[in-house]
Structures are given as structure tokens and as C-alpha cells.
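What follows is subunit A paired twice: with subunit B in the first complex and subunit C in the second.
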Partner chain A sequence: MLKLASAGAAGAAIGAAGFGGAIKALGYELPSFDNQHSDVSTISFYDRYQSGISTPVQKHIYFASLEILIQSAHELQELFKMWTPIAARLMDGKQIEEPSTNRYVAPGDTGEAMGLDASRLTITFGVGPSLFEKLHLQDKKPKELNDLPHFPKDQLDEAYTGGDICIQACADDPQVAFHAVRNLIRSATGLVKMKWSQSGFNAIPADGSTSRNLFAFKDGTVNPATDEEYNESVWVKAGESTSWMTGGTYLIYRKIQMHLETWDRTSLKEQEATFGRHRESGAAIGKESEFEDFDVLEKDGAGKYIIPEDSHVHLARLAKKAILRRAFSYSSGMVSSTGAHDAGLMFISFQKNPQQFIDIQNSLGRIDKLNEYITHRGSAIFACFPGVEKGSYLGEALFTHL
Partner chain B sequence: MKFSLLSTTVLAGSLLLAACNGTEESSSTPQETKASINLQAEVDAYKTFALDQMDSFLLETEKFVQAFLAGDIEKAKQLYPEARMFFERSEPIAESFGDLDPRIDGRLADIEEEGKGKEEWTGYHKLEYALWVENTTQGYEEVAKQLLADTKELHALAQTVEVEPDLMITGAVDLLNEVSTSKITGEEEIYSHTDLYDFKANIEGAEKIFNILREQISEKDSELVKTLEERFAAVNQLLAIHETAEGGYISYEELTEEHTKALAEAVNQLGEPLSQMGIILE
Partner chain C sequence: MLKLASAGAAGAAIGAAGFGGAIKALGYELPSFDNQHSDVSTISFYDRYQSGISTPVQKHIYFASLEILIQSAHELQELFKMWTPIAARLMDGKQIEEPSTNRYVAPGDTGEAMGLDASRLTITFGVGPSLFEKLHLQDKKPKELNDLPHFPKDQLDEAYTGGDICIQACADDPQVAFHAVRNLIRSATGLVKMKWSQSGFNAIPADGSTSRNLFAFKDGTVNPATDEEYNESVWVKAGESTSWMTGGTYLIYRKIQMHLETWDRTSLKEQEATFGRHRESGAAIGKESEFEDFDVLEKDGAGKYIIPEDSHVHLARLAKKAILRRAFSYSSGMVSSTGAHDAGLMFISFQKNPQQFIDIQNSLGRIDKLNEYITHRGSAIFACFPGVEKGSYLGEALFTHL
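What follows is the complex of A and B.
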């Protein structure tokens, strides 16, 4: 999907069409999904899966982690019922409500997206493990949904970690993404408050090639591409998790600070040995092109691994687990104590079981040569609901069994 | 805040009709509107409250200035935050008289922003500087006398004020915005750190307006009344944590980041529904 993804606006339309076809081929009935959107800037909210996961990646993200102020499961249900039509309107490029005729009240929509189109806005909702504890819903919590274990070299800051609910808004216009999160939070005043938020950006080359992170290496080369691969790695199928998660997926967020200054004074040879790939082409070391397959255990004439055994790619590949990476870069000014860039990667991945990510991260462990240049500062995990049919609402399957 | 009390909006019936049709068309052009309900009793009640605050503000300012001129630093320090609360409670009215507000309540930062120098700075905050930083009253006698004269002028002008329902509703939200932008950051009382007194007074001023309008709001949206009651209570509970045994408030400097964050969030949670009080004007 990501190869399609990078094709930009045209890719969105192709992706949507191909998706519907694939579903029909599998024999699913989809009468309630809204397939009326021919406009390439608009992605439908109502679909089998939530948007912003298999959707071709956009240029901007605004991600917010929220804490609940509400006290009961019923109030939570009402919150998601309220958010559902708002999210659908936002993704249609509309204001969250029609302007009031009363000029003595504050406008319902904050208005900064007026005059902009939907910019391929997607909004993805998820719930964190702490939510279930706060609302005494432990029996509804998927057993896979737990705070991530401590990984070697983690330096997590509570200020960027955890959360009860997440809202991921992605769009090709940063103001459209921000407007969506701002209005969803404002509409829930008194029900939720922000715990942390982060904006990010993505480079999408005109030729459709994979985007590069701030270390200039391509990120997302080995993502799932076909429906089969998505079913294998990303979407929870019936029986694979708690029933309300069928059609959903688990989102893992890691705020990874990248030490640009030290990286920038590293030789190209060393940079490539760190990733295990060539910088310009994205090909694995010793290969010619980005998507050319490689055997991570292949050795050269001297008996040494061609892709160094402490390289990022080598270690990640050994875990033999696939995930969907949907990362964005961030830059948040300067680290005041050092004067260095406060920049890095908003690592976001989707997988049907968080263990896939945990295995990869454990494989990277202390050995990963990249550790020298990065520090994990934030961490969060959220269970993303399945998609919403018209007439239904976010997370309905969770609440119908309360 | 610009003085706009006397610029009476002539209210017409067009908006009311549009609203009754339940149409979704937007009112992108300014409309002159007429309140569908008579709010004269509420307006009168608010005017009485505001003028009452002005009376007390003048009395307490007199006491403060007397203590200051007598060189009684301790007494002046004690009276300072309490006298100011009467001003802060009725700020929608008190703020609205031209250059009187900056003369009485101007901070050095505000004066400098206008391109003026320290020598043009007058009012409460200059005396705050004298008391808490210079630890003296000497050399500031003229400033104290001017403060009293300005306060008398404000008191006299306030008697002529014409209050409109719109001013009450906008004023309540403005009071909260004051809290959010300067009190919660400790930027109002940078020498005395008595920001929590101003904070409390601003909240009381907004709550008074809510209480006066409560019945009218209830007829339109009883849920909104319930929400506002809860959110005012939440802010007041948080403030009560920082009360001293003498009924005052601890110094802003004693607040942790956690405290100010909790207070700021409670004020925001209150401000959103408060901005919906305008439903009674439709």
C-alpha cells in the first residue's frame, strides 16, 4: 500500500477503488459504506476500517493524546457518539456545524479551515490501556493492550507518554489537521483534556518514491502492500483479539529524538553501516534498488555479514515480524539545555498484535548501532476501533456488550 | 477593552425570526438584533452589583492610600490585594473608561508596550513596586495621591454607565480570559505575587453574572446551567486549596506547575460553556 501511498493524490483515488474491489471479491456486503466521494481530496470517514492507517500517507500530522475527565462507560459511549458525525463532517471538508444565526455566542467551529478543501484529512481514534482501568472496564480490555515494556536505552518522559484516548489527524495541509484535533477537543470540553500533542511532517517526493526521515534515509520500504499482507500483519481478524477489535488494529507511538548534530558529522560509510542500507537509493547494502530483496544473513568472501549484524535493518529483519510503519518527522524548536535541534521521528506503527512491535524492538535491543544517534523520549499504545458504518458510531462494538 | 457601553446596538427582530425558522443559513452580515426577552431586571441587578463594587473599591483605595501616605508599609501591603479585588470583580465596567484603566491598573510592561517610559507609569502596580521591591513609600506619595484621584473619577463615571445584556455576557468571558492570560501565569502581580486574589475576584465577577442570568439561561438550556454550576464549583474548589488561614491566598510563587496547570484547565473547562450564555439573546 505504501508504494501506492507515495503516489500522492492520484494514489488516494486508486487506493480507494482498489480497496472496494478487493472487499467485494472477498464476498463482503458493503451497502452502508459511502462511496460517493470522487473528489481526490476527500477520504470517506465511513468505511470498513478506520482511515489514516492504510490510507496513502499524507504530508502532515497532528497527534493528540487525551486524558478523560468523565467517570463512566456510558459517558464514554456518548463521547464517541458525539464525535462520530463531527469527524465525518471534518473529513468531508466541512465545518463541524452550520454557523449559528446568533452572533452573541462563540462560533461552533473555530473556522481556520474555511476556504481549504479536505486535503485528504483522515482522523483515527484509539483507546489506551489506562482508559479501561479508570472506568473499571478491565474485562473489556484486550489482553494485548498493555503499556509497552521498558526497552533498552529508553529515556521516556512522562510528558510525552501514555494517554487514555488518541486522535491522529493526518492531512496534506497542516492547518486542516490541526483544525480537526482542535475542534474535536473543544467539542469535548469538560469530558477530556490534552495530555500531550505533537505535530509532524512528511516528505513525499513527486516521483512517488518512499519518503525520507531527517537522517535522509528512506522510511517504510518494507511496509505491507497488498490486502493479504494487511490481513496478515495489520487488521485484527475475528478471533484474533477481543471481539470488539475485529477490523481494528493497534497503534504504537514512539517519540524518538534524533541527534542531528552527531549524525551530521558521521561519515557516509558509517551512516550506511548504521542503517544497513544505502542512503541515496534506499537499497540494502550490496544491492542496487530500494525494493530488491536481500538475505540478511548473506556473508562476503571474508565471512562477514554484508549487512552488518549491528545495523538497524539486520536486527529488525531478524525479528521476522512485519508491521505497518506510518512515521512522520517532527521539529519542535531547540533543546534549551543543549542548544541542539529538538527534532526526530514520530514513529507510528500499526499491527494486529503489539507483540510484533515488541519483538522487533527487543531484537534491536542494545546492539542497534542507531541507538548512538537516537533517544526514545515518548511512548504510547492505543487500540484503534474498526471502521464505522453509516448509522453506527466509533467503538459501537465495545459498547454494545457493556 | 475599548469603551463601548454607550454605543447602543439597536435591536431588531430579524434575527429572532430567522432563528425560529430553524434555518441553517449563516448570518455572515452583521445584523442588528433585538433580544426576544426583556432583560431589564437582570441588567439592573448587574448595575447594582457593579456600582456596589465601585463604592467599596473607592473606600478600600482610600484606606490603602492613607496607609501608604502614613508610611505604614505592612498595612499597605495587607490592604493592597484586598482593595484590588473590588476592581477585578467589576472589571467589565471598571475597564471600560478610556485611559482610566491603564492609569489605575497599568503594569510596567503595558506602559512600555505603548512606547512610554517608566516615569509615565502610575497606579496600583507602581505602588506595588514601591512596597515589595523598593520596600519604601518615600518618593511615591504623588503616585498614591493620583491613584486616589483617578479612583474617584472612575467611581463618578461608573454612575453614568449603561449596561447592555451583551456587555454582561461578553464581560463574563472576558473575566475568564483575564485569568487565563495573566493571572494564571503570574504576570499580573509580578512583585507582590498576589495573583490568586485577582484570580478569585475575576471568577466571582463572572459567577455573579451567571447567577443573575441563571433563570433566563435555564429556560433555554437547563443542562447549560447545570454544567456551569459544576464548573464554577470545580474552579472554586481548586482555589480553596490555596487559601490561607486568614482567608487570603498564598503567594503565586508557592504554586507548583501542577497547581497552575490544574487551575488553567479548570478555567478553560468553564470558559467554553460560559461562552454559550449568549443563547439567551437569540
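What follows is the complex of A and C.
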């Protein structure tokens, strides 16, 4: 099932997106890309792994968590069969169906992406633990797939927690990402309904350097980069989980509100001691450059840890677990009760086993200095299927052994 | 006071933004722009008119409506004096102050825009009718500046209505726009507080064609384009309003929720009859191309209006009033009570007299077919100062005649 046309991190070679038109507009010719697609903004849906995981991060995300209205595994299978070609068309920058000449019916595609290119759209599907219970499929539920435990300082809001199915749409244009989610949900009217959704953004510097979160610190410095690291931490290998998850991965979502006004009153020294990194460079405290390696147990002449032992980096590193962070910022207006910015981080991570995340979060525990400035407001976990081979469909392995 | 270095629609010549870095990354050299600024992503704060009005629309907006905590006109003047150089620095892509070497104080700039270019950031300031009452400045309040009348079908939420001061930050990067608003508000801690804020986006096709709203129809086709049209409809000329408004304009904000699920069940024929335009081309009904002129009173052989008389375009055109539309879409997750998308249009228009908008809205009245698919949820009006000459400050003319 996994003999596929291309391998590895599919998006990685594609590079920055959507600039083709602008470059042409300035009178330049684009170099010809030796690619199966007609433009650099298109990422293939059909691949060994689902897109939107190892794909270089895009500028925008629209994340939807769905509840199922269907009642059988067979209906679920039909749903994913239906969604497969739609997702492939969307990622190709096409409308979900060719426009009809019949003007007396509602358009097949909602149309707001007409004239826009694919904008590096990726669509990633996953299923939550509640799905298996609702459909009496407990024997198919990976033993790793459970609601996350309660962590210290969690103040979760049911309105941003859980879900049976997730659709993560990422693109360099927010309207393209929204259009994808809207049309996938619309195509499944009566089968699913939205439980919650959230949009987010990533500010990607033109030089390709690491994005900063709304606390102005670089986010995602220590991500897996090589195929080896992905195999080690992200992709489920045969025997490591339920068989249908081979080539898949687990997505963890945390809506983390950042108390910007409190943070903004904090000294730079304290901010850096909180993260364990320098703000401007992103280097670990005591180091010069962002990617310079460091040992959190290193002490100074006075016997004190150079990277404070209650700093985020120190505690996270002690867990000795690697995950793929693929976070976005959000700014959703104002918290009406306080007048503060309703803003923060859509923390999204991918790992072959949710325990990797749980170990890190437990290590952060109550003493992470960052806890003074953040509150976890939402939480969800989804098992993301392996990639889809042409002719197959999303989650096929889950259903073929029913 | 209006002898300024450059004239007219400042941003118009600058073109698409932020691609410089990407082009360089692909190995191209940028043409040298004969411009006072170092890169194509920078728009000058100092100009005859405020930026963000005639500036070609950017991809993102962060709009904040503020309440004042200050109690005198003098404090207000000091506030705008303080904001002036900060806004200029932000639009130049700089931090609001040079980083301090003192790590024991909070950073002067919140820092999340470090490494990002100016992204065609524009910042537009305005003052609402309530400001004049709070500060007992009724004699300075333009007689045109009043809360909008109640319109049929309005269902306004106080949480998105009104405000003493507005800051409209538009940029091609959402983090740059958010950073601008955040730092301006932070610099005025204790002087203002947020009343509401809203982020939005615009999907700009690579070929520069008109953006589509979330109903998939092109939005902004009939905007003023020439200096003459701007003078006719947008910029206040001497004698047309209170003297301090000469060179200014009135901003009207309407948060318009779009009922996407209802719209998506409607036939294409009905959708087009609702707008009075064809969806794909944007042409008026019966016409071939978007910019082809049309007469809404034209009838077909059977004596029926070709553009239905209850269509949005038909009714809007009957008012015979031109305004500058500068709208953005928003998608703010889900309406929790219904499970529907909480999405729609941040309608923003600029006109030399709010009556232009009121006349159009009154013409739409109860019979606009579009009313079936939208609900106005928020409303605000602000008098936007003229542009700022170097050495002067925002709203100087308002204060110099106190």
C-alpha cells in the first residue's frame, strides 16, 4: 500500500510559494521547475505521508474540529472516500467540481478561491478518540489515542476541546485555507457538523528564518529536519502502533492564550529567563546563534544552571523527547471581560506517540516559568492517517480490516 | 499646512508588496526603485493624505476601536503627538524605538515583527463622535460626524459598535498589522483601552484582479480610481466640512455577518439576481465584463429590469452616490449557538460625507435581496484626519484652533 510515486517530505523542495505571478508581473521569467505540477504553489495530495505535516509551514491555517452525525463505520468509510478526490482537487487549486451549466442549482464550489492559486494548500485529516466510541470501533482505536490527561494550569473550554474528526487546512492565503474547510464540511452536510474552528497565521521572514510567536520568541527551532529524524519522532513505523496507523502520526492541538499585556510589562532579562533563550537571536542563554547546540545541565562558575532550571527550554529538554512543532499564532479580537487581546498560540505538534508530548508537558509541569504568562484554553488529539496512494482513499487501512 | 513632498495617492505607484526578499532568494536582482524608501514594501507615513485609504488594498487588516481614559483635549493632543513618530517608524518597518541595552526593563517594542519587512503597513487614525462629547469639544465636532442612524435589519452588538478613536492597520502580513496596533495601544497604556478589535483578510489574485468576498462575488469593482474621483467622493475639500477635516475623510465600519450556509444552498441564478452581477466575471447582469458600464434602468423586451430592481447593485446605484469601499473578509471560528461559520465582511468605506453612505444604505433599505443572507452586527464612524506633514502631528489642525 505504501509504494508511492514520491517519497519523504514532499513539500520540502517546493520552497516559498505564490510568488510566481508577482515575479512575472515585474517582468521576470520564472525558472522551470522539474515538477509534476504546473506551478510552485501546488503540493500533491497523493503521497506517502499526508501533507501539512512535514510540509514547510505556510502562512495561514484554518483548523476545524468536527462531530460526526453518521452512525456506522461504513458511512465513515463513504465519507472519507468522498472527501479524498475533493481534497486532491482543492490542493491542485481547482474548484471541487467543474462548474455546472445549470444555473438553477447551487454552485458545486462556493467559489471564493476563484482566481487564486493553490497557495501551497495542504489538507490533513485525523480522527479523535471519541469517534471510535461513537461508532463502536473500540477494537480499532489505537491504544495511544486517548484524550490528553489534565495538566497543571489547564483551564480548558469545552468550546475548543476535542472532536471526532479534524481537518487542518494550511495555505499561504487565508481565503484558500478557509475555502477548503468550508467546502469539505459543506460536501458532508448531514454527516458531520462543526464542533469548533480556529484560524491562525505565521509570520515567515523573507530570509526563511524561524517565525516568531506573539511573545517575539522564535518558535520551532528544534524541529526534526532529516528523514531520519522524522522516522525517529514523527512517522509511525510498522509495529509501533495499530497497523492502520503505519505511515501516520498523532496530532496534538492546544489553544494557548498568551497574556500579552502581562508579558509586555516584563523585563527582557525575565522574558529570556522564562524561555531559556535570547529574544533577538533565538540562541539558548549563553550561546550566540539560534541553532548552536546546548546542554541544559551546564552550570556557571557559581554552580548555577546557565539556562535557568525553571525555564521553558530547560524543562522541555529534560524530557528528552522530540516532537514536530507546527504552531500558528492567533489574534481573535478582545477578551470582552478584561479588554485584553484575545491572542496566543495554536500549538500543533506531530509525534508518533502522544506520550512524547505528554512527557514534555509533564516535565514543564507546574514550575515552567512560562505558565505565568499563558493559559491552555483548548485541547484535542487526532490520529492522522498515512498518506494516500492514487486509487486509494483516506484511512483505507482502517476500513479494509473491519 | 498641506505643502507636502509628494502628492496624490501615495501608495498607488508602489505596487505589490513584500516580494523583494523572495525574488532575491530565487537569485534575481530587484530593479532599483526611484523612491525615498529602501524597499518596495514601505509606504511613507508623511503625506498629503493619511495612508490606508487610497493605498491599494493589502492582504490583512487589524482594526481596533478604542475608548479614551484621558479627560482633556490637551491630553488628547499629547496622545496624537506621541503616536505620530511611532506610526511613522512602524510604517518604515522599524521597531517603535531602538532596542535598549538595559535588559532590566521591558523591551520598548514587543518584537514580534523583528525580521519582517514593513509589508506595506499603513496606519489610519480617526476619531468618533463620542470623543467630542467626552472631552466637551462639541464645538469642534464636524456636524457630519454622528452615530449612524438605525437601518432596517440592523442587529448591532454593542461589543462591535462605536468607539472614541480608531486605529486601522493594514499590511500584507497579519503579524505586522497586529504588531502595529498592539504597540500603539501599549504606548498609550492608561490613556486608552480597547473597546473592540477585529482582524480580516483580502484574497488578492496574482493577476491583480478584484478580490472576491466569501459569497464569491467580486467586491470593490466600482471604486474611485483617479485623483479627480477621489476629490469628488473621498477627500474633504476646504469648506466642505469643519476646517480641521480638510484633506481628511470619514470612515464607516460595518461588521456584516454573512450566512454562508444559507447562501451555499441558493442557486447560482438566485445568487446573481441577488447581487445583480454575474458571479464568475463580475459583470453586471446582461454584460460581459466586470468593468463594462451599465444602466440599472435598462429593461428587457418584456419590460422587466435586466438588473433586478431588488438586487444589491440596482438599489445601490439608484442612490447615485460614490464611496470608496475598502472591505476585508473575516472568519472568526463558529457561531456557538448555531454551529455555523462566524464569517463575513468587514465593510469599510471612506467618503467625504457620511451622508453618501447613508443614502446608499437607505436605498438598499428593506428590499435589498442581499438582506436575506447577511446581518449587520457592528457599526462605527470615525473622522479621519488629513495626512501629516513632517514636523507636524496627527490631527494638528484640530488642536491648533482650540
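Convention: the second predicted complex is superposed on the first by the 366 of 402 C-alpha atoms of A that agree within 3 Å, B and C clash if a C-alpha of one lies under 4 Å from a C-alpha of the other, contacts with A are read in each partner's own complex, and residues count from 1 in each chain.
Rule of thumb we're sticking to: a contact is a pair of C-beta atoms (placed from the backbone, for glycine too) under 8 Å apart; a residue touches a chain by one contact, two chains touch by 3 or more.
Keep in mind it's a predicted model, so treat the numbers as computed, not measured.
Peer 1: When the two structures are overlaid on chain A, which partner does A:302 contact: first (subunit B), second (subunit C), both, or neither?
Peer 2: Once the two structures are laid over each other on A, A:302 reaches no partner at all.
Peer 1: Between subunit B (first) and subunit C (second), which does A:112 come into contact with in this model arrangement: first, second, both, or neither?
Peer 2: A:112: touches subunit C, not subunit B.
Peer 1: Once the structures are superposed on A, label A:190 by its partner contacts, choosing first (subunit B), second (subunit C), both or neither.
Peer 2: first
Peer 1: Does subunit B (first) or subunit C (second) touch A:98, or do both, or does neither?
Peer 2: Only subunit B is touched by A:98; subunit C is not.
Peer 1: Quick one: is A:332 in contact with subunit B, with subunit C, with both, or with neither? Answer first, second, both or neither.
Peer 2: A:332 sits against subunit C, while subunit B stays out of touch.
Peer 1: Tell me which partner A:173 touches in the superposition: subunit B (first), subunit C (second), both or neither.
Peer 2: Once the two structures are laid over each other on A, A:173 reaches subunit C alone.
Peer 1: Should A:238 be classified as contacting the first partner (subunit B), the second (subunit C), both, or neither?
Peer 2: A:238 contacts neither subunit B nor subunit C.
Peer 1: Using the superposition on A, tell me which residues of subunit A are in contact with subunit B and, in the other complex, with subunit C.
Peer 2: 99-100, 103-106, 186, 193
Peer 1: Which residues of subunit B touch subunit A in their complex?
Peer 2: Those residues of subunit B that touch subunit A are 15, 18-19, 23-28, 30-31, 33, 166, 169, 173, 227, 231, 265, 268-269, 272-273, 275-279, 281-282.
Peer 1: Provide the residue numbers of subunit A that touch subunit B in the complex, in ascending order.
Peer 2: Subunit A reaches subunit B through residues 69, 98-106, 186, 189-190, 193.
Peer 1: For the complex, give me every residue of subunit C touching subunit A.
Peer 2: Its residues touching subunit A are 15-16, 18-26, 28, 31, 59, 62, 99-100, 103-107, 110-117, 159, 173-176, 178, 182, 186, 193-194, 196-199, 201, 203, 205-209, 212-216, 260-261, 264-269, 271-272, 279-280, 329, 331-334, 336, 339-341, 343.
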